[in-house]
Structures are given as structure tokens and as C-alpha cells.
Amino acid sequence: MSRHQISVSIDRLRGKRADAGPTRRMPGDDRSCPKCESHFRADEMERNCYVCAVCGYHFPMTARQRLDHLSGGAGWEEIGGELRAADPLRFIDLQPYTERVQAAEAKGATEAIIAASLEIEGRPCVVAAMDFAFLGGSMGSVVGERFARAAEVAVAQNVPLISITSSGGARMQEGVLALMQMAKSIVALDELAQAGLPFLMVLAHPTTGGVWASFASLGDVTYAEPGALIAFSGPRVIEQTTREKLPADFGLAERQYDHGHVDAVVDRRDLPRRLAHLMMILEQPPRDEAQSLASQLAQNGTERAARMAQALPSLTRRFRGQSESSSAGEVSGS
Amino acid sequence: MSVSTHPSGRGGRFVRRIAGKIAGAEVVSGDIWDAIQLARHQDRPYPLDYIARLMPDFEEIHGDRAAGDDPAIVAGIGRYHGAPLAIIGQQKGRDAQDRAYRNFGMPSPEGYRKGMRLMELCDRLQIPLVTLIDTPGAFPGAQAEEHGQGGAIARSMMMMLRLSVPTVAVVIGEGSSGGALALGVADRVVMLENATYSVISPEGASAILWRDAAKAKLAAAAFKPIAANCYRWGIADAVVPEPEGGAHTSHDEAARFLDGYLLRTIRELQAIPRVDRNRQRHERFRRLGAQREA
Amino acid sequence: MSRHQISVSIDRLRGKRADAGPTRRMPGDDRSCPKCESHFRADEMERNCYVCAVCGYHFPMTARQRLDHLSGGAGWEEIGGELRAADPLRFIDLQPYTERVQAAEAKGATEAIIAASLEIEGRPCVVAAMDFAFLGGSMGSVVGERFARAAEVAVAQNVPLISITSSGGARMQEGVLALMQMAKSIVALDELAQAGLPFLMVLAHPTTGGVWASFASLGDVTYAEPGALIAFSGPRVIEQTTREKLPADFGLAERQYDHGHVDAVVDRRDLPRRLAHLMMILEQPPRDEAQSLASQLAQNGTERAARMAQALPSLTRRFRGQSESSSAGEVSGS
Amino acid sequence: MSVSTHPSGRGGRFVRRIAGKIAGAEVVSGDIWDAIQLARHQDRPYPLDYIARLMPDFEEIHGDRAAGDDPAIVAGIGRYHGAPLAIIGQQKGRDAQDRAYRNFGMPSPEGYRKGMRLMELCDRLQIPLVTLIDTPGAFPGAQAEEHGQGGAIARSMMMMLRLSVPTVAVVIGEGSSGGALALGVADRVVMLENATYSVISPEGASAILWRDAAKAKLAAAAFKPIAANCYRWGIADAVVPEPEGGAHTSHDEAARFLDGYLLRTIRELQAIPRVDRNRQRHERFRRLGAQREA
């Protein structure tokens, strides 16, 4: 009975070592495994979802790579892609914030999160994927706004919301406005919850600070990638503050599973299948819409039903079908 | 398949088959001890055995988001006849290693809190809940106490009572003490033919009431905790048949019987308006008991 | 900054030692303190609320003594007093259950709980007090039924419910029907909660097993008497099962406070004042009843409001006054 | 007394008194450092100081019913102008011993869970909630992490967002990081005149952004986390005046100013139908942020 549900590098177990390519270490090369020093060609990396084929180490991925991977290359429709970072505090530390943003944008990404509508193995959903390469995946106003819009599109399209996080926390250069994005993400998740739609989380390395202390820890089901650091305060801060000596695996996904904070540690190569499977399980069977609305009215009587009534004509209700079959008579009969 | 139901009295051949048992069980104490042995049979199906057969598409959740994950409780969501269904069950181990890992099916507060996490999800996503009860009791450990074993059981009952979705509790093995009832406050409470439901294990009662750990058989005869009696007392709404000889003789057949009962019952419950269903759930537990007036 | 909010034997601190009477130990005498061996006259005991005036030890109290104490001798109106134990299992262990009940009843109590309407320092409430002297304060059908009726009277009279527990757990001689009283008590508390009424708990020695695992651990505010054992499984069972060596204060009120399960350890002599104070704080100001009902309807729309509408004429609404001042227009406006 | 309010613009003499500050604060970095020192002044009133003055009849609750009681968070119910009011606050210590006991106002998950216990009570008994924010951040400790610091903060925010009663969050000292915001998702968020509200403490930012722990003043000037700025950014709905020289000069006067604001605001909020109030609360936090379109 295995305690950890980790699927590690089955390729290697099956003797596919040949697939792993030469094992020369090439320093500074982002295709060299920092764990076992194997080196891979770019096409090998992409084919293996940026997982080391030898030791299972999970390399960082950009948000675009995430969306390409989950959609199986079938494309995705971006949400809030026009949003860009502002500089509300005219913030300067060792470098002006605007310059940091320009430098990050120059590398091709538009922000530390990309949200998109897409299908994972044929199941429609909205995905908000973070990108550690963009200013440490920090959550500023654009991250909060894109996340909120992602949730709103999920409600409008009546599909689950999935998020993959990789973030050092709040974006300090936007000051307290960055902090407020935590609350904004909570508001968005409450709208999703009121619509009865699932929120599935994937915690990638690292998920820390304000991201972990807001939407990332509120998944209905929460997966983590192997070896991902998951923490509110990082190990270094804790050691400096409390002078505690922490174990080597402190805050890592496998240990967070032991402490009850993660439902499963899932190999990245299994993510599309696992997420599609979860969505399949959670999908409500189709129901008669009027009956469903009557049931909703009877249950809550207030804002939720009113919002539903407005939104009704445009929705497919795939996920909002009630498992109830109560009649309209319930409204007056109670 | 068919089951005996209470109080509507529906059911088919099984009602006839166990009718004699229901009428006469109280006097045959040997039968009671036999049932207790069957309820604890080491090859008896456990929640994961039923889940594998009822819901091949199943996703287990782990952890209470506060202190840990309790392997004595399994919880998750699966695809059941074309719709989502949530299950929380007490899981014993089959071999020595697994038994220790599962803590002999004795849950800690972390386990009940994992269950409550799933209940909250059921409420929000409108997913019916089935609980599978099989425990000698909640774990009597120092850390379990300090993490609030009593409060976890009480809150689990309260959350089940308040759930807005249909709920079915099935005693599949031994249901002992508050550790069992924590998962038992459902719209329908049903027992497998050889399951038991009791305020305490016979061994526990023996040590306390007879001051002699060896009087478990006497205690069992006094408690009479078998399904037929619980059905008569109104504790169980139905008795689900097991394969001849007991559920351990065929996990497949045991699962088929349970499947038939669950499918029909969940649909029945879904047809009841939520407000009525919750009122009936309240009334069901409000009226249980036996007292006289001076 | 004291960690424990215990008021211990202030009489003694004030030098009232003379009040303590002779300190000869009289074995087997329930007026001899098992902790410090002081002995008291019956009138001293009653005057000091059955607390040792020397060391603060809390002697057991019967349910009637509890009600007399809380009501300040002003009397109380019993609820469900006509209920008596039945013997649904025709249960026999070393002695028939009926004989045990008769022996317990012969000592003057009618069951292990007494529920009553009364006033504590002028504040009306319903109190359900347990009595360890009656079959170990065990919870059988009568305890469950009286507790449920107490909650229902509290709802009907629109006053808080208070319970003082002292129990070894479920009454085994009533088998699984005793177990079900745990669920029944939860149902009763949910009715109370739906009516928006407070539930205040006082944990007296001992509060264990099924009582601790049901209503006793669901107080809105929870006091414990000093030295009370509070546990689901008692220390002996734990030591036998796990072979752990437990600390001497395991499960005691002061330690349960440290572990977050108790709001305050309160000297029994302070209980009337503390409970009345809590009720004073929690009391809602009077509101216009129709307006309150409109607000309720707008909020829930369903059973709670319907029940309120039925019950409305007979209630004083002391505790149900809404802190809202929304208008009837809310009903249709939502 | 009067306060400056946002966005309705009501308020009396105080708006005039701090009007200059609100307009000019951004450029005067020395003022910012002064405000930070005032926000952290060791004689500044803490939650229990306000509670003693606003609600002589107050009952503190303790414990999260799972793991312990966190002295860095005080929570309880009191009698406020003839009605019940609940308060959750972050409590620093004044002397060395008390500071250690209160863990310097840095809450653990147990503290946030104690707060959530009180929120649940507020919801059920229809009691308005006021939070008093004053923390350098949530405690960065190994056990706090393992007990779910991140999730506790997130759930505290969610529960506040969903509360059916009026809620007011008051930053009374330093409000730093998610540890502060955990208690900040309220109908009205207000700051005392010399309070600060920031994504991180100046010292923390200094170490991370300037890679030099001694650049806290620079960091403070960059963050500009003072009340006047937060008001202009829409983070704070109002600024409550302090006694001349700072709240530490007169706890009584500071409490009187706060009293005036709270009493009026809670009554205002109670006049709003619940559904509207909750929608406004959603919208308030939904719109915060600053971004441009490409």
C-alpha cells in the first residue's frame, strides 16, 4: 500500500534509458537536469513535457507551454491577454519596476499568468497557468485580474476552472495593490462556488506566499507536481526568523501530502489525463433547465437564482445541472 | 435484486429470505456471535473493494488541510451510473502491514475532518454522499484527543445533518460507538445482512460491564447488535442482502447487491424536494429512542 | 498575562480560612475533600457551591443542586420530568438494567439529566444539567429526549440553551438506541441554531465518551470547571490501547484549554455571574417583529421563515431580533 | 467626531485637518517613516486596549477546537451600544514577556481558525464583526506551515467574504502581508491616521529587493504604505483620526474616535439589505488593482 501516489518516470523503469539522451552536464543550460545532470535535446524536452526522462525531475515550464501541453496542441483562446502591468506606485528598488516589466515582457511573455479557454482531452474548461519566469511568477494586479476574469469566463461557459501555480508570492513592486489581488482571487472563487462549478488546483514549483495563501490552497481537489515547494513562508525565512533547522524536504509536495495539504502528487506527464478524468467524474448529467431553475429558486431564493435567471439562455449548464429533481411547487410549499 | 425496506415494506425475495431471521433473531444468541464474526471477517469487503466495483472511475482525496491525512478514512468522488457520487468510508487493512497503516479502521480527527472537507464539496457541487461504516470505534490515542476527537465526531454529525444533498449511510461491517455514528447521520441508514451496529464493541462492553475481558460473547448476546434487530428498532431503514455465507465469499456479488440498493435509493431521495428531505432527516433522528412516562 | 482564566478559591486568598471548618479527613464522607482532606458541614458545602473552601476542589453536584444554584434558589420549571428509562433490550449484565435504574431512582433522581426553564440572575434561559450520580451520568434515551425537549422549549421561549455535563458517555444498557441519542442531540442543536439562539456549555467532571462527542463539544462558548476530565476516550483506555504513558493532567480542563477545546476554566462559584453576563452580551436588541420577519424571509426564503411565521404570535423574540434593519422590499427586490 | 470617508466624501473637521496630508503625502518620505514608527509605537493601543474602552462587557473566546489557542489573535463578543458585537484582533505584547507570549502579533493557523470559529458564530447569531489589524505578518514557523498557514489565511478571507452580517476591518497599527489581509475582507476597510497597510514590512522588502536589511527606510519610501495613500488608492474607505501626536498619547481619545466611526458605520451597514451588502462587498474587492491594456 503505497503512501504516496506518485507516478515517477515510468519510462526509465521500463528500460527506456536510451531515450534519455547523453548524460553530459552542460552548466547553465536549461536542458541539463540539475538533479542527475542528464542533458536533453529541445525536442526531447518538449516530448517529455519538460520532465527529466532519467530521474523524473520536473523542469520549469512557461505558461504557454502549460496551455499547449494541457490542450494537447489543439490551441487555446486567451482571456484578458490585453492586460499589462501598470506602475501605480512609481516603484523603484535597485531598478525601476517599469524596467523590470519591460525586460520580462521582452522575453516574450505578457505577464506571470495566462488564462485561456481550452479543452483537455475533449473536456472544455478554463485554465489559468502561472509562469515563474515572469518576475518570479509574482501576483500583481494583472495576475489577479486575469485570474478573476478566468473564473468569470468559467461561470459564463459553465465549465470547471483549473489553475497551475508557480509563484514567489505577491508582487512587491505594486505594494498593497498587489496584496489585494489575494482578496480579488477569493471573490472570483466565491462566484465560481455559487455557480456550483469545480476548482481544480495544480501546485507547481514553487507555490509560495500570497498565492499559496489565497486561491492556490482552495482547490476542490489539489494536485502537486513532484518536488514542488509549497509554503507560505519559505524555508530560508523560517530558518532566519526562528533559528529552527528544517529538514531537507521541508515544504516539498511529498511532505505536504503527508501533512494533509495535497490530495495527490502527480507526475506532470499524467496531468492532462488526471484532470480530464476528474472533470469527467464531476460533470453533472444534463437536466431540464426550467426544472433546475425552479430547484435553485427553492433552495436559495435570492441572488444566486436571480443571477442564474439572467444568465440562463446563454448557458449550456453542463456543470450546473442539479442532482435534484424537485418541482416548482417547492417554492410556495415551503 | 431486492432489499427489505423500512417502514414502507417494499422489497422482494430478500425480505422473504430474511423474514425468519428478523422475527426470531433476538432469542438466538449463537447467531449473533456468528454475525459479529462475519461482520469482522478478514476477507470481508472494505470500502475500497466496493468502490473498485461500483465506481471504476474514482478519485481519492487526501488530507484535512490542517494536520495530516488519516488512512483509516478513505474519501473521494467517483462516477456512479452517469453522475458524480461522493463516498466516505472507514477502511480496515487486510494484512498485518495494511492493518497497522489503516490503524485497524479506527479514525483520528484528521480523518473525520477529511470527510467534512468532502461534505463541504458535496454541498457546493451538489453531489450525493454515501458513507460506508466499518470501525471498532474512533481511535483512543493521546494525540487524537488533543486534536479534538470528540468535537470532530460531533461536527461531522452536524455537517451531515445539514447537507443539502441526498445522503445514504451503509453499515458494511461493524459499526461501533460514536466513531461509527460520525458518518451515520444520513437520509437513509442501511445495514448489510451480517453487519452490526452497536454503542460499543462486545470486548469493550465485556471489560466495562462484566469487568472481565473474556465475556464478549455474553455482551454480544446482550446487545444483539445485528442488522435484523436494528431494522426492528428503526435504527436501520433497510437490510441489504449479502451473498450466501457472507459478503467475503464474493466481493462482486456483495457489491452488486449494494449497487442495486444505492441506485434506487439515491434516485428516490433526489425526487424529494430538498426542504422536505432535510426535514425528514431531522425527524428521523429526532424520534429514535425508547422511554416511558412516569 | 495569565494563560489560564481560572478564578480559584478567592475566599482562601482573602484569608477566610476560618470559614473552612475543621480539616479532619473523614473517609467515605462526601463532605471530605479528596484533595486537601478538609471536612465541611452540610450547610458550609451548600453555601460554597460544593467547592472546597480550602483548596478549591469541585465536589460533584446533582442536577437539582445545579438548577438550584443557577437559579439562585428562585425555582425552576422542569421540562420532560415525566420521562423515565425503559429497557428496550431487556438488558442484563452483572445485574438487570431495570434493577440498576430502580436503584438509581430510589436515591431520588429521575434520570441522569434534568432540564428546566429558569432565570439566572434575572435572565431567562433553559438549562439541561447532568447528574453523574445517576448511572454515571450516562446518556440513554431519556437523556437524549429531555435534552431535545429542552432545546425545543428554548426555541419556543426564544431564550438561550445552557447545558452542564457530567457523564461517562452513552448508556450501554440501552445499546444502539443510546448511541442514537448523540444524533438526536445534534438535531436539537441544529433547530436551536436555525432559530439563531445561543448554546452555552459548562463541562463538569467528567465529560467523556458520547456526550463529549456530541452536544457537549458544540457550545458557542464553552466553560469548564477546574479539574474536570474532558475526553472522548478516558486516559485508562488510551493507556491500555496504545501503551502510551500519559501525563497526570491528561484531558483535564486546564490542559484542554491549552489545546484549544475550552474557552475558559471557570470556578463554579462564578458560573451564575459568568453565564448571565454572556447572555446579556449576546442578547439582541428588540426590533419590530414584522420587519424582522421580512428580513428573515429575504435571507432564507424557506423553512426557517415558514416556521418563524407560524411561531410568531407566541414569541417574545428576545433573542431573535435581527441585527439587520432591511425592509420588506428586499423579498421581491432580490 | 467625524472622519473622512470614501467614496461618498462625507466627514467633517477631520477631513479638513488631514486634507493636506492626503494631497501631499506621497512626496514626503520622511513623513512615511515617521508614520511607520508611530504605527509600531510600543505604547500604541492594541486590540485589548480598544476593547476595554469600547466594550467593558466583553467575553474572550479561546481555542480553535483542533490544535490550540493562539495568543497572537484575540477574539470575542462584547456589548456595544446595546447590542452584541464580535471582535477579532491581532494582539502584540507591550513588555518583553508579553511580546513573546503574543508572538509579536504574528498569528499561527490556530489563531485564524479561532477567528473563523467566531465568524461562524456571528453568522448564526447575527452579530456584526469588527476586525482590528496589527501584525508584521503571519508567523513564519515550521509548525505554522505544517498546520496550514496558507490555507488558514485563504479560508479566513473566504469566510469573511461570505458572512451574512455587517463587517468592518480597522487597520490600527501595521497591516503587513497576507497575515493582515486574512482579517481584512470586510464591508468597510478603514485605517487609523498613523496606521500602515502594506504587502510586506519595510525590513522584509529591504532584505529581498535591496538585498540589504538596512534599506528599510528606502523600502518604506517606495511602498508609501500610509493611511492617506491607501485612502487615495481605494484600499481604505476612511481614515480615522488619532489624538495629536499619535494614538499612544491617549488610548482613551483614540478609542473615542474609533467608537464614533464604528457606531455610525455599523448602523449604516445594517441599513443595507444583506443581499446588496454582500454584493457590494464582492464588488469592492473585485475592482481593486491597477493595470493597463496593451
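For reference, chains read A, B, C and D in written order, and residue numbers begin at 1 within each chain.
Criterion: a contact is a pair of C-beta atoms (placed from the backbone, for glycine too) under 8 Å apart; a residue touches a chain by one contact, two chains touch by 3 or more.
Predicted, not measured: the structure shown is a model, and the values here were computed from it.
Enquirer: Name whichever of A-D and C-D has more C-beta pairs touching across its two chains.
Expert: Of the two interfaces, C-D and A-D, more C-beta pairs touch across A-D.
Enquirer: Farthest chain from subunit C, comparing Cα centres?
Expert: Checked the centroid distances; the maximum from subunit C is A.
Enquirer: What's the distance between the Cα centroids of subunit A and subunit C, rounded to whole Å?
Expert: Each chain reduced to its C-alpha mean, subunit A and subunit C end up 47 Å apart.
Enquirer: Would you mind pulling out the distance in Å between where the CA atoms of subunit C average out and where those of subunit D do?
Expert: That gives a centre separation of 36 Å.
Enquirer: Need the CA-centroid distance for the pair subunit A / subunit D, whole Å please.
Expert: 30
Enquirer: Can you list the subunit D residues in contact with two or more other chains?
Expert: 65-67, 146, 148, 151, 275
Enquirer: Which subunit C residues reach two or more other chains?
Expert: Counting only residues that touch two or more other chains, subunit C contributes 217, 259-261, 298-299, 302-303, 334.
Enquirer: Within the complex, which stretch of subunit B touches subunit A?
Expert: Within the complex, subunit B contacts subunit A at residues 57-69, 77-79, 82-84, 93, 97-98, 101, 110, 114, 121, 124-128, 164-166, 270-276.
Enquirer: What residues on subunit C touch subunit B, complex-wise?
Expert: Within the complex, subunit C touches subunit B at residues 81-86, 88-89, 91-94, 110, 140-142, 144-145, 148, 170-184, 186-191, 209-210, 212-218, 230-233, 237-238, 241-242, 244, 246, 250-251, 259-261, 302-303.
Enquirer: Could you list, by residue number, the parts of subunit B that touch subunit C in their complex?
Expert: Interface residues on subunit B, with respect to subunit C: 138, 140-142, 144-146, 148-151, 153-155, 157-158, 161-162, 177-178, 180-182, 184-185, 197-200, 205, 208-211, 218-219, 222-225, 230, 233, 235, 275, 278-279, 282, 285-286, 288-294.
Enquirer: Mind listing the subunit D positions that touch subunit B in their complex?
Expert: 65-67, 109, 113, 146-148, 151-152
Enquirer: Across the complex, what residues on subunit C touch subunit D?
Expert: Result: residues 1, 3, 5, 193, 196-198, 217, 220-221, 257-264, 277-278, 280-285, 295, 298-299, 322-327, 329-330, 333-334 of subunit C touch subunit D.
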